[in-house]
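Mind looking over this structure? Questions follow.
Chain IDs A, B, C and D follow the sequence of writing; residue 1 opens each chain.
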Amino acid sequence: MIVILKENPDPQQLENLTRWLKSMNLGIHVSEGAHEKILGLIGDTTRVDIDLIRALDIVADVKRIQEPYKSANRKFHPLDTVIDVGHGVQIGGGHFQMIAGPCSIESPEQICGIAEAVKAAGATILRGGAFKPRTSPYAFQGMRADGIKLLLEASRATQMPVITEIMDLSQLDLFAEVDIIQVGARNMQNFDLLKALGQTDKPVLLKRGLANTLKELLMSAEYIMASGNEKVILCERGIRTYSDYLRNTLDLSAVPMLHELSHLPVVVDPSHATGMARIVPPMTLAAVACGCDGLEIEVHNEPTRALSDSAQQLRPAEFADLMRRVNTVREAISC
Amino acid sequence: MIVILKENPDPQQLENLTRWLKSMNLGIHVSEGAHEKILGLIGDTTRVDIDLIRALDIVADVKRIQEPYKSANRKFHPLDTVIDVGHGVQIGGGHFQMIAGPCSIESPEQICGIAEAVKAAGATILRGGAFKPRTSPYAFQGMRADGIKLLLEASRATQMPVITEIMDLSQLDLFAEVDIIQVGARNMQNFDLLKALGQTDKPVLLKRGLANTLKELLMSAEYIMASGNEKVILCERGIRTYSDYLRNTLDLSAVPMLHELSHLPVVVDPSHATGMARIVPPMTLAAVACGCDGLEIEVHNEPTRALSDSAQQLRPAEFADLMRRVNTVREAISC
Amino acid sequence: MIVILKENPDPQQLENLTRWLKSMNLGIHVSEGAHEKILGLIGDTTRVDIDLIRALDIVADVKRIQEPYKSANRKFHPLDTVIDVGHGVQIGGGHFQMIAGPCSIESPEQICGIAEAVKAAGATILRGGAFKPRTSPYAFQGMRADGIKLLLEASRATQMPVITEIMDLSQLDLFAEVDIIQVGARNMQNFDLLKALGQTDKPVLLKRGLANTLKELLMSAEYIMASGNEKVILCERGIRTYSDYLRNTLDLSAVPMLHELSHLPVVVDPSHATGMARIVPPMTLAAVACGCDGLEIEVHNEPTRALSDSAQQLRPAEFADLMRRVNTVREAISC
Amino acid sequence: MIVILKENPDPQQLENLTRWLKSMNLGIHVSEGAHEKILGLIGDTTRVDIDLIRALDIVADVKRIQEPYKSANRKFHPLDTVIDVGHGVQIGGGHFQMIAGPCSIESPEQICGIAEAVKAAGATILRGGAFKPRTSPYAFQGMRADGIKLLLEASRATQMPVITEIMDLSQLDLFAEVDIIQVGARNMQNFDLLKALGQTDKPVLLKRGLANTLKELLMSAEYIMASGNEKVILCERGIRTYSDYLRNTLDLSAVPMLHELSHLPVVVDPSHATGMARIVPPMTLAAVACGCDGLEIEVHNEPTRALSDSAQQLRPAEFADLMRRVNTVREAISC
C-alpha cells in the first residue's frame, strides 16, 4: 500500500500515522519527491482500512498494491481448485461441467422430463429454480419448498447432482440435500447470507452482481471462504451497461481475468446474460473458447408456456445440438 | 401493452394468444400495417408477464404502455404521501427533514454527542449504523444489537426519531423500537426482506441499488406496499458509472423524475454517493434546489478516527454551517 | 410507430397531428383503451422525427416499431454483404479475414518486418497506424503522411491489402491508395467525415464508439451508405463500463446481434478492447466461436519498445500460435 | 509515478529501465517490501507514457500520482481563469453567465425573436445551432453557413455575444465573427479539431463526451491549451448510463470536482442532459446551487414546431420564470 502525503504535512500528525501503521506490524519506506512525500507500507495490508487513511488531513491519496483478498487469491494458491459437487462430479482444474435445466420448477413431470432430456444430451448437473427473485411482486414467485422436493426427486431419478438458488438465510434448512447452493446476482453482497453459507460445507455457486467489479466478486467469495467454506464456484452472468438490445452485457473477458486472479472455477450463464434464446448458442461457444470451467444454461420442454423467463430457454433438441457443438469446440481449444 | 406480431403469423397460434389474453379480462384492438400487425391490449396489464408474450413464435416485440407498479404510482394517487416517522416528525408533501448522524455507532459517548450536535444544528432525524454491509470480511462489521441499544438511548436523550439499516430479516425483532428501517442499496432487490417489511407498520427508507433503474426502485417499493405497508421513503444515493473520480455518480435528476412518477417522499444521500466530505455540501444544496424532501448526511465528531467511511463524514461545525445554507436555499426555491 | 396520447387530448391539436401525419403518407389506426388512446402509424416512418411528436402537449409517449435504418437493415437485404477489399481478398458472407500489424507505423524496417511475419502466420490484411488519436497531447501522435507511405511500401512488398485510420476529412487525399479506411471509435459520430467517406468507393471499417448502442452504430453506417458507399465493415472494439480491471469491456454478444440486425460484415478488435496482450488470445478465440467475419489484432516485433499501446501487442510468434488456434476453432464451429 | 516491479526482476532489464528513466531527468527512490520492489519516480512525469512502462516484463503495475495535464491543472494555476467572450461579457471567477437560444437556427424571425426574448429575460449569451450533429442521416442537418449568418445578424441586433457549434475543422473560416466556438460531446476527442482551435484566439466551450472521465475532458482542454489558446470553458452535459428514463444522466458532482481539479470555468447544459423540458428547471437550479459558472439552456418560441430536439426546449415565458429563480438561488448560495 502506498500513502501519498500532501505537501508540508503536519509533523505531529505524520508521527501519529507512522506510529499507528507500525502498531499493525507494517514496515514503512519513505520516498521524497519535489512535490510529494510517499510512504510505502510493507507487510500484510489486507486488514488495513484504506478509507481510514485517506481521510487523514495530511494524506492526498492512498493506492493499494496487494489485492485485498487472500483465500481466493491465486498468488497464495497457485493450483486450480477442483470442487467435488456430489454424484462423482468434479468442477475446476480441467473438469468441465454443463449445468442445465428449467428456469423454474413447475411440476414433477416438467422437472423430471427435462432432467432426463438434458442428461441424455450430456448435461452433468441439473438446475431448477424453487425460490425466484422477480422484479415484480405480481409475477410468479416460484414453488419454494415444494419446488426443492421435486428437484430432489428428479435428482434421485437421474442420479444427477442438483443446484438451486437460495434467496434468504432463513431458507437454509430446506437446502440440506441440495448439492450446490446458488447465490444470485442480486444477493452477491448479502453479507449475512454469505457468512451463513461459509459455515456449511456445501459447494456455493456465486453469481457476479449486475454492477460489481471482479474485485468485489472475489471479496464476496472471500466472505464465504473466510468463514470456513472453500468450495466456491464463480459465475459471470452479464453486467448492466447502457446497451439497449439485450438484457445485460455478457463480460466474457472476466473468464481469463478471474482465472488469472483466482484459483476458483469459473462458470458462465449465457441465458440470463442475454435473455434471448437464439443468442445463447453463440455465446455458449464463445465462453467455451475463452476457457470457462462450465456453463449454466436454461432448458425448457415448452419455453412458450414457461412461468418465468420464457424468452431465454432452449428446447431440449436445441440444447442437444448445442451440447454437441460445445464438445467440438472444447476439443479444438485443447489442441 | 402493445404486441407487435411477426409477418404472416400462424392463425392457430394467434387464435390461442387472443383467447388467452381475453381470459385475463383484456380487450384487444388490432391495427394492421404494411409489414406488421399490432395488438393493443386494453385493461389492467400489471399482472401480464411481458416475457411470456415476447417468447411466442408469432410475436416480434412487446412494449408496455402502463407502468407495472400501481401502489407507488402517482397516476392512481395524485397527492403527495406524507409519512409520520414518530416524535411528531413528518416527511413528504412539503415536510422537509434532515437526517444526520455517524456512519457507524461506536460508543455511547460518540452517538449521544453527535446526536446532540446535529439536533442543535437543525437535524430532525438521527441516523447511525449498527449492522454494516462491508465489501471486505476483514473490515469492521458494526456493533450490531449493541449498536441499536445505543442508538435508542441517544433517541431518548434527544427526543429524535432514529433510522438504522437492517441487513437480514432475521434481525427484524431488534428493530421493534426503531422509528425508520433503512434498506441499503445492496438489498434493494432482497425480495424476502421487502415482503417482511411490508408486513410491519414501520416507515421504510428504501435506497436505490447501484445499478437499478427508477422503475426497478418503484417495483421494490411496490413489494413493500403490496404486502400492506404504504410508508415507503425513496432514497437516491448514487449509481455506478464508468466515472473514476468519485465513488458513485449522484443522479439528481432522479428527484424530479421520481416526484413525477410516484407520490412517495424522495430523500438524497450525498455522503455515500460521493464518498468525499468536501463534495457533500455542494451536492446537498443541489439536492435541495431540485426539490428533494430530505437528506441523509453523515456527521462524525472525529472523522479521521471513524471506524468506517471516514472520508465522507462531516464534522459537526461543518454540518451546522451546511444546515444554515440548506435553509437559505430552501427559502429561495419557495419564492 | 406507436403514438400514445394523454388522457382527454385537445381535439383541435389531435386534428392537427392527424393531418400532419397523413401529409407524410402515413396511415393511422386508432386504438382506444380505458386510460389511453393510441395511434398506430402505418408506412415508412424512417424520416419521422420521433422527438418532434413526443414534444406535443397531447402526446404521452412514442415508440418506434421499425428500425430507423434502411440500407444497413437485414430486413431489406436478407443476404450477407461480401466486400472486396483488394488484392483478391473478400470479407463477409463466409469469407473470414485476419487483420494484423502494429498499433503505430514506426520505421520501414518495423512495418515491413511485421508485415512479412504476420503474412507468414496467415494474416491476410495488414494494419498500421499513421494518424494516432491519443488522449494526451504530449504522447506520440503518429508518423502521419510518412506513415502512410511506409504502409504502402509494405503492401507492395507483401502484396497484402492495407488498412489505416483517418482522423479528419482533410487527410482524405492521403488515403488514395489505401485499401480500407478505418474510422476509429472516437469518430463514429463524426458525421461530416462519414458523409465524405460515403462519397468515396473505398471499403470503410467503422468502429463502434465507446458509449454507443448497436442502433447508433448502424445509423452511422447508414450515413456512409446513404451517401452512396455500401462497403461498410462493422467493428466491435469494447465499450466503456464501470469495470476496473481491463481498459474496456468487449461486448461479444454484439456479433450475433449485428448479424441479425444487419447484412454487413462484423469484425472484432480484442487488442484495444482489453489493452492486455495476454487476454487477447482467449478473446480472439471467443470472437471466432460466436461467428465474427474477421479480427483486427495488434502485433509488434518488440512490444516493449513500441511507441504506443505497447501493453496490448502480441509478438509475431505469439500471433502465429494464435492464428493456428483460430483456424482450429473455425473448423470446429463449421461442423 | 509509482512503478511496482514483479518478484525477482531480471537485473539487466531493471538496469535498462533505470537508465531510461534517468535519461528523462527523473529521480528514482526504491522501496523494498516482502513481495514487491517499488520505484518512486521524482520529477515531471507528464510526458512519460504509462503504458510503455506497464508493458515491460519486469513490471507488475504502474500508478500515476501527478495528473497528466498541466495547463488546465489548478495546482499550477491556483486562481480562477476569467474569460472575456466579447461585448463586455466575462465568465469564470465569480462572473456567472446564462447562455440561451434555440437548438437550431431556423429563420431570421425565429432567431431574432428568441434572441430578444431571452435577452429581456436576463440571458447574456445567445446560442443557436447551424451545424447539427444528428444520429440519423435522414434528420434535419442544420442551416449550416446560412445559419451562422442569421446568428450574427441576431447578435448585431441584440448586442449579445454568440456561441455555435463547429463539427469539422474545414468549417473554421465560417466562425471568424462567432464569439465562442462550441465543441460538441461527440467531438470531445476529435484531436485534429482541438489542435486547430488551439491555434485560434477564440474562447472554446468544450463539452464532456458521453463516456468520458473528467481526466479525459481535462486532457482535451490540454490539447487546446498546449496549442496556445488558454480560453477554454468546460461543459457538463450528461453522461451515458444504464438509466432508462431520461436521455442521459446529468453528473452535477462534476461541477465541484472540476473546480477543484482545474481553474477553468464550468458550465452546465441541462437541456441536452435530460432531453425533457419539464426537468430542465429543477436541474438548472441544482446546477446553480452546486456552483457552476453558467448554464446553456435551449429556448424556442414554438417548441413543438422546432426542427430538432423539440422535447427539451423551454418557451420564452418558462425561461423568464426560470431566470428569476436562478437569480434567487444565486443570491442564496452567496450568503
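Operating definition for what follows: a residue touches a chain if its C-beta (ideal position, glycine included) is under 8 Å from a C-beta of that chain, and two chains touch if they have at least 3 such contacts.
Nothing here was measured: the structure is a model prediction, and the numbers come from that model.
K.L.:
Sort out for me whether A-D or A-C is joined by the greater number of C-beta contact pairs.
P.N.:
The comparison resolves to A-C.
K.L.:
Do subunit A and subunit B, two copies of one chain sequence, contact each other through the same residue numbers, with over half in common, or through different ones?
P.N.:
Same: most residue numbers at the subunit A-subunit B interface appear in both copies.
K.L.:
Which one of the chains is farthest from subunit A, going by Cα centres?
P.N.:
It is D.
K.L.:
Please compute the C-alpha centroid of subunit A, do the same for subunit B, then give the distance between them in whole Å.
P.N.:
26
K.L.:
Give, as an integer number of Å, the spacing between the C-alpha centres of subunit C and subunit A.
P.N.:
A distance of 32 Å separates the two centres.
K.L.:
Can you check how far apart subunit A and subunit D are, centre to centre, with Cα atoms defining each centre and the answer in Å?
P.N.:
39
K.L.:
Where in subunit D do residues touch two or more of the other chains?
P.N.:
Those would be 211, 239-242.
K.L.:
If we count contacts the way the header does, which residues on subunit A are in touch with subunit D in the complex?
P.N.:
2, 4, 27, 29, 31-36, 38, 40-43, 61, 63, 65-66, 240-242
K.L.:
Spell out the residues on subunit D that touch subunit C in their complex, using ranges where they run on.
P.N.:
Subunit D residues touching subunit C: 46-47, 49, 51-52, 54-57, 68, 133-141, 167-170, 186-187, 189-193, 195, 209-211, 216, 219, 222-223, 226-227, 239-240, 275, 277, 303-304, 306-311, 313.
K.L.:
What residues on subunit D touch subunit B, complex-wise?
P.N.:
Listed in rising order, the residues are 211, 213-215, 239, 241-246, 249-253, 255-257, 260-261, 273-274, 278-279, 282-283, 285-291, 325, 328-329, 331-333, 335.
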